[in-house]
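So that you can tell them apart, the chains are marked A, B, C, D and E in the order they are listed, and the count of residues begins at 1 in each.
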Amino acid sequence: MSEARIGVYVCHCGSNIAGTVDVAAVAKWAEDLPNVVVSRDYKFMCSSPGQEMIETDIKELGLTRVVVASCSPHLHEPTFRGACSRAGLNPYLFEMANIREQDSWVTTDQVEATKKAMSLVAAAVSRVAYQQPLESLFVPIDPNVLVVGGGVAGIQATLEIADSGRHVYLVEREPSIGGHMAQLDKTFPTLDCSACILTPKMTNAANHQNVTLFTWSEVEKVEGYVGNFTVTIRKRARYIDEPLCTGCGVCQEKCPKKVIDDVFEAGIGYRKAVYIPFPQAVPNTPVIDRDNCIFFEKGTCKACEKFCPTGAIKFDQEDEIITLKVGNIILATGYDLFDARRIPQYGYGRLENVFSSLEFERLTNAAGPTLGRVVLRDGVTVPKSVGIIHCVGSRDKNYNNYCSSICCMQSLKFAHMVKERTGAEVYEFYIDIRTPAKAYDEFYQKVLGEGTHFIRGRVAEVTDAARQPGEEGKLIIQAEDTLIGKQRRIPVDMVILSSGLEARADAKEVAIKFGISCSADEWFIEKHPKLDPVATMTDGVFVAGACQGPKDIPASVAQGSAAAARVMSLIGQGEVEIEAATAIVNEETCVGCQECIPSCPYGSIEFLEDKKKAHIIEALCKGCGTCVGTCLSKSITLRHFTDEQLVNEMIGAMQSMKLFEAQDLVIVE
Amino acid sequence: MPDNGAGKSFYERVAAATPGGDVLMKCLQCGTCGGSCPSGADMDSTPRQLFAMISAGMEDEVLSSNTPWYCVSCYYCTVRCPQEIPITMIMYTLKRMALARGHYHKDAHINWSKSFTNFVELNGRSFELGAMTLFGLHNPFAIVKQGGLGVQMITKGRMPPVPERIRNMPQLTAILNEAKRIAEEEEV
Amino acid sequence: MTDRLPALQEVIGKLLPDVDGVLGLKVGPAGIVSPHLFVKDLADELASLAIWPKEPLPGTLKIIQKAHPDAKLAIVCRGCEERGIVEMAKHYQIDLANVTLIGLQCTQEEAEFCRCAKPFTVHAQTTIGTPIAGVPDTLTDEFAALSREEKLAFWKEEFLHCIKCYGCRNICPQCFCNVCTLEDETWVETGRLPMPQPAMYHLIRSMHMTAKCVACRECEETCPAGIPMAIQFRLIARDVKEMFNYETGAEIDQPPPQLLVLEEGEYERTGLPH
Amino acid sequence: MVEPKIIGFLCNWCSYRGADTAGMARMKYPPNVKIIRVPCSGRISPELVLRSFREGADGVMVLGCHIGDCHYGTGNHRTAKRMPVLKKLLEYNGIEPERLCVDWVSAAEGEKFATLIREFTETIKALPPFVEVIK
Amino acid sequence: MSQSTGHYGFYPGCSMGATARSYLQSTEAICKALGLTLKEVDDWNCCGASEYISMNSVAAYSLIARNLSLAAQEGHTDLVAPCNMCFLNLHKVDGYMEKYPKINQQVGRALAAGGLSYKAGSVHVRHLLDIVVEDVGIDAVTAKITRPLKGLRVAPYYGCLLTRPDSRYSPEYPTHLDDLLEALGATVVEFPLKTQCCGGHMTQIKEATAYDMIRRILQNAAEDQADAIVTICPMCQLNLDAFQPQVNGMFKTKFHLPVLYFTQMMGVAFGLSNKELGIGSEITSSKTAFRKIGQEEPEEQKSLKRDKNALPMPRL
């Protein structure tokens, strides 16, 4: 690589690097490295003058390679690649040495930090000489979009995109869209009726000319890459002919089989084996629940079929497999409620008047099983005292370590509604009250003013074992009132557990399906927690709403809109640059053993039967290099991460380390 | 706040003397421990309050509290603590620290523990009757009230009149003496 | 041995009208045994058929098949050669559909010579001789029991004699690459003797033998320095069996483990951190 | 004791970001490890590890995403199959298998990364000097 | 685990020779019936209960570790403790030695002074109940029943230390004793306080505190109409049984709840004699309770207003 003319640029990053690393010494030292033509240090390399310095050198000194020693490439690699491009140098002829995150910030000793910076620069210089220019491939973006999950975040994203004139496929697992929001009665802090604000959006989404709705459906497979995904959807059999069904509800009325509704009614109400989950459901088409239908169980009944006025019942219907082409995907798959049965001392599932938060939502809902009456499990008795327990399953290393973010406000709302509906005494047991968003703390103050008792202390247990007079027949909430420093036992009629939110039980599977990652708590991981909260590491796949972390309605809606904006921006660009650092097979040396084919996570390697050689479909290759690690004859090369490049990077680092071992480094001040 | 010779804060010493005690600083002050404690009503400060006092360096107040002495070692606090703080073990640490510095709450049942331990160190086995009697010397009131029970236990064959002793007492004594020497080393 | 030879001649004689050729061993004029393709017209050549010393026939089979992809062939194979053929088929180097396997069961002496755990065929359509039980590989066991320092000293001594003649690679039926990593300067320094980093050569080769070595011991046999390199391959084979439940060449349908994603319970057996 | 020379091959998506996270949190660790970024731990062929030893590395680290979190889905499954075998092989050649560290570090695990580096550097320091088998 | 061998090291603990003699008798009786071999660790010493550790932790750990060391020396991989306190202490010290190098080293040094050593994790400490439920299995127990405990309402009382901390069973709501008693034919009452503390050593130190804790448990069992409380720990038995008259005196209550060991219940169901099982040594007599066996139980009255309005319950 004698023709390489390398420029080295060492950044001070203010005092971030220069405070620990002798940047001038590093730049001076780099001058003597092979092929280095110029080596400079500068206060802020990423600033305009810094970039211009590089551009000028490329042009005036005829540099053919550039090394910048500064921060992590995850931060500024695109910046400096851009500078090279502007000066006419192929961006892949640029290499970065990370002397901030991996050196100045983590090393205490200044001499050691300087030596490490030198080694990292030497490694980059050694590598860059072997780098090759690469041309990016551009592929057109399919303007159709897939939205997975029809809760409020998914609906919002769908409407935004559909309104812009692009087509959206909205896939929902349940028979109706609406998500958890459809289950609620009131929303905090404004106490608007949830159905009143959500239903119009649901109808809008379903009737929109640019939306195709798939309910009772799930995504089975995702192939392809940004701009060009092929998605396979399983549309489960409803056993109802959708075009024929008018949604009159007679089937549901006549069905003799009553089932506890664990989904929409949160287990506190019933539905039939053929059912529309709730009156405002969209679409207004029932499904037959195969597992509970008498006909599917015993072969007789067919009451629904007998009474259906349009003959829409189709017991022989089968699942449909649908293949779609989309350019972008938004995941808005929502959350699961923490199962309070996991905390036995709170008695949920054992003590009948302990309710989960979603059960209570359904109790207060005018369309719920009690038509909005707040009553005990017997269905009649109005409670005279109610305890609300915060942080159930949240902020607890035994369960979920995070704050579920919505429970405080939800509990305050519950307190207000209990007061409003029953006039009962309400006790809120909390660790901290967190009301940070707009108009939230005002709501807290309002509830305080309503006479709710606030007891600061995490509840130890809920029991029906009376200890002293006045406790018989009650649920006793035992906690330390930490503001008094005394143990208290509060007898109440009803306990509401403000359960936390959890990632969907199948979040991990879904993440793998869509090629994104999950955090330890199984929430989907965004590209950047602050600056890119709705994108993921996989181009073309975005997240919105509670699947990314606990979130209330306003935040979910905002994310739905944000994800839609990101997608529309991509569509607007028309085409997308795909990974230039792809793998390529050397057909001359390939022996056709086909080991590489199953090793590729993307199925991007095909076997050319005529030549008996492997071949990589460039557009499908994501550049992971797993095939390279597999190929024994080294017949596959991963561009930009070739063996030559990596080995020389390693040699650069090793040689400098050996050098420092042999002689002490003298830093020139 | 006064530090000991090693220059370690009170919190650091409590944490170091308790297996897994280094998470003490993560106490959320949620009160689950105090709420769960079956004898919590009798404590002058709840465990949570002690933790706040420990982090505030209030060594005298903490070590003269009756709280550790009311701990019945049921471990409810430990298993329920959302921060996985080994609260029961911290109570043991506080008891030892209180004993070591020589003055402790009047409710401390130090004589019972001492009588019990004495018999173990003497025979290798515990001896209820002996411990009760010995304890009774310090606490004659108890022996009057529970005397009838003792008689009943003896007649039912549930309280042998003489202690059992293990064969290899020298070995046990050697182990315990060495352990105490190690523990002393630790104190310095 | 004497009773197996006529039996084999008879089997080949019967097979020959139906196949285009039978690959076996032949004694040449100077008494040298070499691979030979017995074809229809020369059925009387069978008189010169040999069965010992063994030569690695699967590699020859691959060459013939590549030149004549449609030819119907038969091959005389021992247990190890059968495993080699199975393994090569998994890597698309041999097309099993066009091959008839004539299984030659090894004798006790032969098995002991090879320290062979499986001196018999399992897939062959026809078999000659009586299968015998495997022989314990005491050499490998003894090596495994050495301390790390002893192992190091062991190889240091052995590798000192390596002249990097590539004989072990050339004879190996599983070394079917067109170009070889061992000749690439990037990995193995070439052109100097004694070898500058002898372990580099052998480590890479051992790594490439993972889930591939069929324990035929041809490499050791051919090595002019007599390096017992199969010890490493055999130990790795035991690890692969333990970690990924894979036995090289045993099952025709089981893909090699390195091609598959981790299965339930496999990760736990790798010894990697949790 | 001479400072050990260590090469770390880190996957771009989890482990390299984990190293960045450690940096952003200003966690301190010894400077011995020089990191080489690869797209996926599946890219790391055993030859790369061996070549680093040949070049004089006293230890090599191979860090990837946790199993199940691979940016490429299953790239690290190959790592989990290859590297244990390589470790065994080192052992059979009389080389301490501890010289090869294979572990998983997520982008969030800055602390784990720093701890790993500290521990691995200590481990290598504690080993007898690397003999001239590969070097 | 030695499920199949049925051989275990046995650490009886001090109470078994004294206050809990009937526990030892009934344990021996049911082991014989089930073919279980418990081999007493030779020359074991006291575990220090909850007292020693408040005096000196290193000495307390070392005291306990001597037993682990002896058990390991005798070749036991499973060491059975029938007492919750002993179980916790042995289990805990083994775990500490494994987890905390400093403790491991300190205890190691102390043991060495007595010519002993112990490698953490080599002895698996288990409670007798765990052996019966997990290794012997409910089915094998059922097979031995000749006199099912039909008609007897029992409150399963676990106490604290078996399930807390670090247990494989739920610290709040374990059910394995429930399952065993049900298999014996008894009616197991819903007993929310089943893992509440019995007061431990408080009976000796602060009577008022202890008696109130005992009262809560007795009251809960009485409210659930239990005929007897079944325990798995000598300390629990002692506190609930022997102090029952004192509790009645202090709170003006009339509890009469015999407190029996689960091994005694098994023995009764196996048709063994009261003498073999040490029944009769309890302070609160069990005569009336045992008379109920075989009697038809009155139909349980569900007091709940379960009418058409009732809402479904979440299922456990």
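To be clear about the criterion, contacts are C-beta pairs under 8 Å (C-beta built on N, C-alpha and C of every residue); 3 or more make two chains touch, one makes a residue touch a chain.
Here the structure is a predicted model, which means the values were calculated and not measured.
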* Give me the chains shared as neighbours by subunit A and subunit D. => C
* Indicate the lowest number of steps between subunit A and subunit B, counting one step per move to a touching chain. => 1
* To do: Could you work out which chain's C-alpha centre is the most distant one from the centre of subunit C?
  => B
* Structure fact -> A count of C-beta pairs in contact puts on top the pair B-E
* Express in whole angstrom the distance between the two chain centres, defined as the mean CA positions of subunit A and subunit C. => 50
* To do: Measure off the straight-line distance from the CA centroid of subunit C to the CA centroid of subunit D, and report it in whole Å.
  => 34
* Asked: What is the distance in Å between the mean C-alpha positions of subunit C and subunit E?
  -> 62
* Structure fact -> Chain-centre distance (mean CA atoms) for subunit B and subunit C, in whole Å, is 70
* So which bits of subunit B are touching at least two other chains? -> 76, 79
* Structure fact -> Where subunit D touches two or more other chains at once, the residues are 47, 51, 74, 78, 82
* Asked: So which stretches of subunit A touch two or more other chains?
  -> 345, 461, 599, 630, 634, 643, 647
* Contact pairs between chains, per stated definition -> A-B, A-C, A-D, A-E, B-E, C-D
* Structure fact -> Listed in rising order, the residues of subunit C that touch subunit D in the complex are 143, 148-156, 181, 186-187, 197-200, 202-204, 206-207, 210, 231-232, 235-236, 239-240, 243-244, 257-258, 261-262, 267, 270-273
* Which of the residues in subunit E come into contact with subunit B in the complex? -> 14, 17-22, 43-46, 48-59, 61-63, 66, 96, 99-100, 103, 106-107, 109-116, 160-161, 164-165, 171-172, 196-197, 199-202, 204-209, 213, 242-243, 245-246, 281-283
* To do: Could you pull out which subunit A residues touch subunit B in their complex?
  => 345, 391, 395-398, 431, 456-461, 478-482, 485-487
* **Touching residues on subunit B, where the partner in the complex is subunit E** => 17, 19-20, 38-39, 42, 69-70, 72-76, 78-79, 86, 88, 92-93, 95-96, 99, 107, 109, 112-114, 116-117, 120, 124-128, 132, 135, 142, 145-146, 149, 152-153, 156-160, 164, 166-168, 171-172, 174-180, 182-183, 186
* To do: Spell out the residues on subunit A that touch subunit D in their complex, using ranges where they run on.
  => 72-74, 98, 100-103, 105-109, 112-113, 115-116, 119-120, 123, 508, 512, 515, 517-520, 525, 537-538, 581, 599, 601-602, 622-626, 628-630, 634, 638, 641, 643, 646-647, 649-651, 653-654, 657-658, 661
